[in-house]
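Each of the next two complexes has subunit A plus one other chain: subunit B in the first, subunit C in the second.
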Partner chain A sequence: MKISFPYMGTSHIVAGYLLENLGHEVIHPPVPSKKTLSLGVQHAPEFACLPFKIVLGTYLEVVEMGAEVLITSGGCGPCRAGYYGEMHKRILHDLGYPVEMIVIEPPLVEPFDFFKKLHRLVKPKGYINLVRVLRVAWAKMQALDDLEKTLHKLRPLVFAKKQLNRIYDEGLEAIRRADSVKEVAVARKDALEAMHSLPADHHYKPLRIGLIGEIYVVLEPFANFDIERILGEMGAYVHRSIFLTNWIRDNVLAHGEKDIRAAAVPFLNEMVGGHGQNSVGEVVRYAAKNFDGVIQLAPFTCIPEIVAKSIMPAASKARGIPVMTLYLDEQTGQGGIETRLEAFLDLLRQKRRKQEAS
Partner chain B sequence: MRVGIPRTLSFFTLYPLWKPFFEGLGVDVVVSPESNKALLDEGVRETVNDACVPIKLFHGHVAALKNKVDILFMPRLVSLDGKHTLCPKFLGLPDMVRCSISGLPEIIDFRLDLKKGKLELYRFLYRVGQRFTASRAKIIRAIWLARHNFSRYRKLLLQGLTPQEAFNCLDTGYEPQPEKNMSSIRLAVLGYPYSLYDNYISVGLLEKLKSYGVNVVTPEMVPERELKRMSKNLPKNLFWYYSNRVVWSCMYFLQKQNVDGVIHVTAFGCGPDAMTNKLVELETKYNPRKIPFLTVTIDEHTGEVGVATRVEAFVDLIRRKKGMV
Partner chain C sequence: MRGYLGIDVGSVSTNLVVIDDDCNVLIDVYLRTRGQPIQVVQEGMRQVEEAIKGKNIEICGVGTTGSARILTGVIVGADTVKNEITAHAVAASHMVPDVQTVLEIGGQDSKIILLRDGIVVDFAMNTVCAAGTGSFLDHQAARLNIPIEQFGELALESKSPVRIAGRCSVFAESDMVHKQQMGHPVQDIIAGLCDALVRNYLNNVGKGKEILPPVVFQGGVAANVGIRAAFERALGLEVFVPEYFHVMGAIGAALLAKSAIRGKGRTQFRGFAVSDMEYKATSFECNGCPNLCEIVNISVNGEVLARWGGRCGKWETLQKTG
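Take a look at the complex of A and B:
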């Protein structure tokens, strides 16, 4: 059985590694492109959110490449993401692709179902193998996150930004190839050292911007026009609120993220699904950490983010931190985004100058 | 003391519960006027532009009430069936309203989450009651009145009355006989109660269909027990109360009532409906009888004429299919 999965940020490196080493034939999903999106848009309901459309596009690409089984995560609401799997399956069947969809529900919600599906995936090579593979996968995930964090930190400081990107890409590739915890560690160290060795202006104090919003559009550069790179190259430091490792720790292994939600309570006193409440909580937190501004990424028609956005002005005003919401849909153009980012950075610079003057 | 209840969203589901309850406590109930253009415009001004029409309209209703009442009643409805939540926008509604409208009176926004158990409704009512009176007996009597009225209301809906007719009937005791017209066309009109029964939002769709001589059935006319049965047909149900009821009642109408067509009324930009609409569409498409299906999307610019033309064409199509013309 040929197996494939959705593409999101750097997670495909880990997912691909996991499945291959559990003994499956993997069809690696291609990087999402204009073609992916237009396939998705063509076959998805009009008001489905952007992530739904891109993932559907990816599925259509991989089934064309021969995938027979698709594996994805489930969820239990209140947001739509948890229903993606079921809906995608129906749409694919309706289009005449008889794929099988394995939707992994969170272990805490459906333990039995979880282990049944897990067993099926692990069977070819057994559980001892699983332990080894999981350790390597986790190491990879951490290494990937470390690389990315360093990239964000150095981007505004380093002079040769292109070169930095190249070293980063090579680092990703090295981590992808690594096949043991040790090899991952070496790849990570090499990449980090190479990044740090680039000449940089360490006295420069970049604007500090928090990036929040719905997980898919935050993590997948194709969905957000590589906003981290744009901002970095405009000389701002981007702190992203979501990384794979902390997300998995908080959402899959435990019902975590309590404190970030607590921070949101004065403004939004209810979990609204997706990252709605987190988004509000993170604004409060970024304000406490003296960030210059926050950018919220929201897929068009994203329910939780609409709720968050309505509350944002109040939170932003109360805590004195500017927030800009960028809506993303298939019509959004790169040019428009860049102009709005420029303007936002200008505003933040002025604000900072005023603060320094007073 | 006057308590204000906006005439939209859960109004069509729960008003007959709240009204006798507050009256039993000796509190006056003020309901916002029927939806109209001015209310919607007001709501549009107060909300983020990507919110759906019903949410915008809700803000309009709140704005219309805020200077007329001492207390606004808009509980945070989390779960009404103990299993599924409402649309996330319902969950965040009190917070959205607070952040967007200024000069609001006191708000009662206790959480109503029946996932906590069947008795939660009574605990909820009791908590609300305590805000108005210290007399335990009075609260309990009010709860009893509310319950009684509410179950009568549900019965009337099952008999085929619209919520408005049922309200009148509860107030006056006059029970209109749902006109059974002899037409042999039966249409399921699916959608959320706040879209279907609000004549302004639905641009008078139900009336129009009746004037064409069509028998209309809606989700509110399906007994709870049947809905539950239908819920077993899906490998995984949706997460949202109203959306599930739309899907389940669609299956019920297709399987048990032989409807000739299905119309789904959905609000522009409604998140849950992206899923609901597709499920319903596939359900009709894969029905052995290949049921005609029409989606009516409604936004603040929807014109009566546009909808009427499409619906008329749809009814004609069904007539032709049945060999009636």
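Take a look at the complex of A and C:
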């Protein structure tokens, strides 16, 4: 069976490695493009959110490439993404693609279902192989996150920003090719050293911005105009609230994120689905860490982020940290986003100048 | 006399102003962009040149703003290229020093800017909804065959505005048509539309924002007394429309140019001759990677002046802008 999966940030490197080494034929999803978006928009319900549409577009691309089985994550909150696997499957079936959809639910919520599905995927090469593959996959995931964190840290400081991007891309490719924990470690070290060797202004104190919101639009640059790069090139340091490793640790291996949800109290005491409560909690946390500002990314019509957004003014005012919300949808004109980001940085710069003066 | 030129090229209008060292507005030009930003900037430059002739004004700094700010900056040789949110805030706090809230409605954009103690503390700009902007009002005025200049006054004549759905411009229009076919007088429909736009604005960009006086209303739509009255009704506050409400973005750009020059000394202004040069914009889709970026080429008299639109930067190396 030919397997494929949604494309989100750098996760495809790990997912592709994992499935291939469990003994499956993998159809690697292409990087989301305008074509992906157009396909998704054409076949999705109009008011579904942007992640739904991009992922549907990716599915339509991979089934054309021969994928027979699609693997995706489920969900169990009030966010409608929990139904997306089922919705996608029915749309694909209606369009004449008889794909099978394997929706992995969080193991701690649906343990029996989880192991049943896991068993099917692991069967071809057995459990001893699984242990080895998981170790490498985890190492890759950590290395990818380390590279990305370094990229964010260095972007505002390094003079040759394009070169930094290129070294980062080459690092991703080296990590993708690595086939053992040792090889991953070498690839990671080489890339980090190359990044750190670029001339940079280490005295420069960039504006520090926290990036929060719904996971797909936060992690996938195609969905967010590559906002981390735009901000980094404008000279700001971006700290992203979600990374693959911490997300897996908190949602797959343990019931995590409790502390961040606790931080949302008293502004939002209820779980509202998706990353709604996290978004509010992150604002509180970024304020405590003296960040200059926070940018919330929300897919248009995303209920959890709408709830979070309406609570932002209270949290922002109480903790004295500016928050800007950007709704993301089909638009691909970058000008509008740049205008808002530029103005937001102006605002933060003025605020900092005023604080320093007083 | 030293003068500073500010140019605001928006979706609907293009405005140019010249201010002096004391920030007085010497010249203001208001033109329609008509989808031709390069030509309209050249026309504007011709008019400014005409207006300052014999007045002994030397242009010592140039600033651009608006959605075509980068393009315009390249054409005229700008000393500062600034987003319109900052430009509007700078102009408002210059005109009304203690301003706390700026309502700005232009052709395609509507924004709210909150200032406290002279600095911007929060802002919002419409992202996915264009109902309630100048273009829509223009369209409705044309449909009803009423000059846009009289639109607001007609609204003030209404004794009982009808309710219009303001959420989406397409649905707002069908709601208006339904009410008009029922026999409601046009004044009541227009007044209803003004209320609907204000309601949508306050609920969309103004959501959760603390609107404190003094409130300044600027942008092309501020000419509409009906919208202004609707704002005053909805907010329960006096709404102040500054004298140069329609060119505030350009004034902001000029003020920013003035302070930029203080920092760097010499202007990069290419002179009024730019209005006679032949600028050409062409575009193509780059096939280098799946991003399929739309690259724009700007050339003058056949020579490439600037290029942008790519994500990776391989086309932009020619000249760094923005």
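One rule holds for everything that comes next: the second predicted complex is superposed on the first by the 357 of 358 C-alpha atoms of A that agree within 3 Å, B and C clash if a C-alpha of one lies under 4 Å from a C-alpha of the other, contacts with A are read in each partner's own complex, and residues count from 1 in each chain.
Convention: a contact is a pair of C-beta atoms (placed from the backbone, for glycine too) under 8 Å apart; a residue touches a chain by one contact, two chains touch by 3 or more.
A quick note: this is a predicted structure, and the numbers were derived from the prediction, not measured.
By the document's definition of touching, of the two partners only subunit C reaches A:Asp226; subunit B does not. Using the contact criterion defined above for the overlaid structures, shared-chain residue A:Ser310 touches subunit B and also reaches subunit C. By the touch criterion defined above, A:Ile91 lies against subunit B but remains apart from subunit C after alignment on the C-alpha atoms of chain A. Of the two partner chains, subunit B is the only one touched by A:Ala48; subunit C is not.
Of the two partner chains placed by superposition, only subunit C is touched by A:Pro322; subunit B is not. Of the two partner chains, neither subunit B nor subunit C is touched by A:Lys182. By the touch criterion defined above, A:Phe300 lies against subunit B and subunit C together after alignment on the C-alpha atoms of chain A. Of the two partner chains, subunit B is the only one that A:Val272 touches; subunit C does not reach it. Taken together, the two complexes place residues 300, 309-310, 313, 327 of subunit A in contact with subunit B and also with subunit C. Every residue of subunit A that touches subunit B in the complex is listed here, in rising order: 44-49, 52, 76-80, 82-83, 86-87, 90-91, 94, 103, 267-274, 276, 300-304, 306-307, 309-311, 313-315, 327. Of all residues in subunit B, those touching subunit A in their complex are 47-48, 50-51, 76, 78, 84-89, 91-92, 94-96, 98-100, 111, 235-236, 238-240, 268-275, 277-279, 282, 285. Taken together, the subunit A residues at the contact with subunit C in this complex read 30-35, 161-162, 165, 222, 226, 229, 300, 309-310, 312-313, 316-317, 322, 324-327, 329, 331, 335-336, 338-340, 342-344, 346-347, 350-351, 354.
Note for the complex: subunit C touches subunit A at residues 67, 82-86, 117, 119-125, 127-128, 207-210, 289-292, 311-313, 322.
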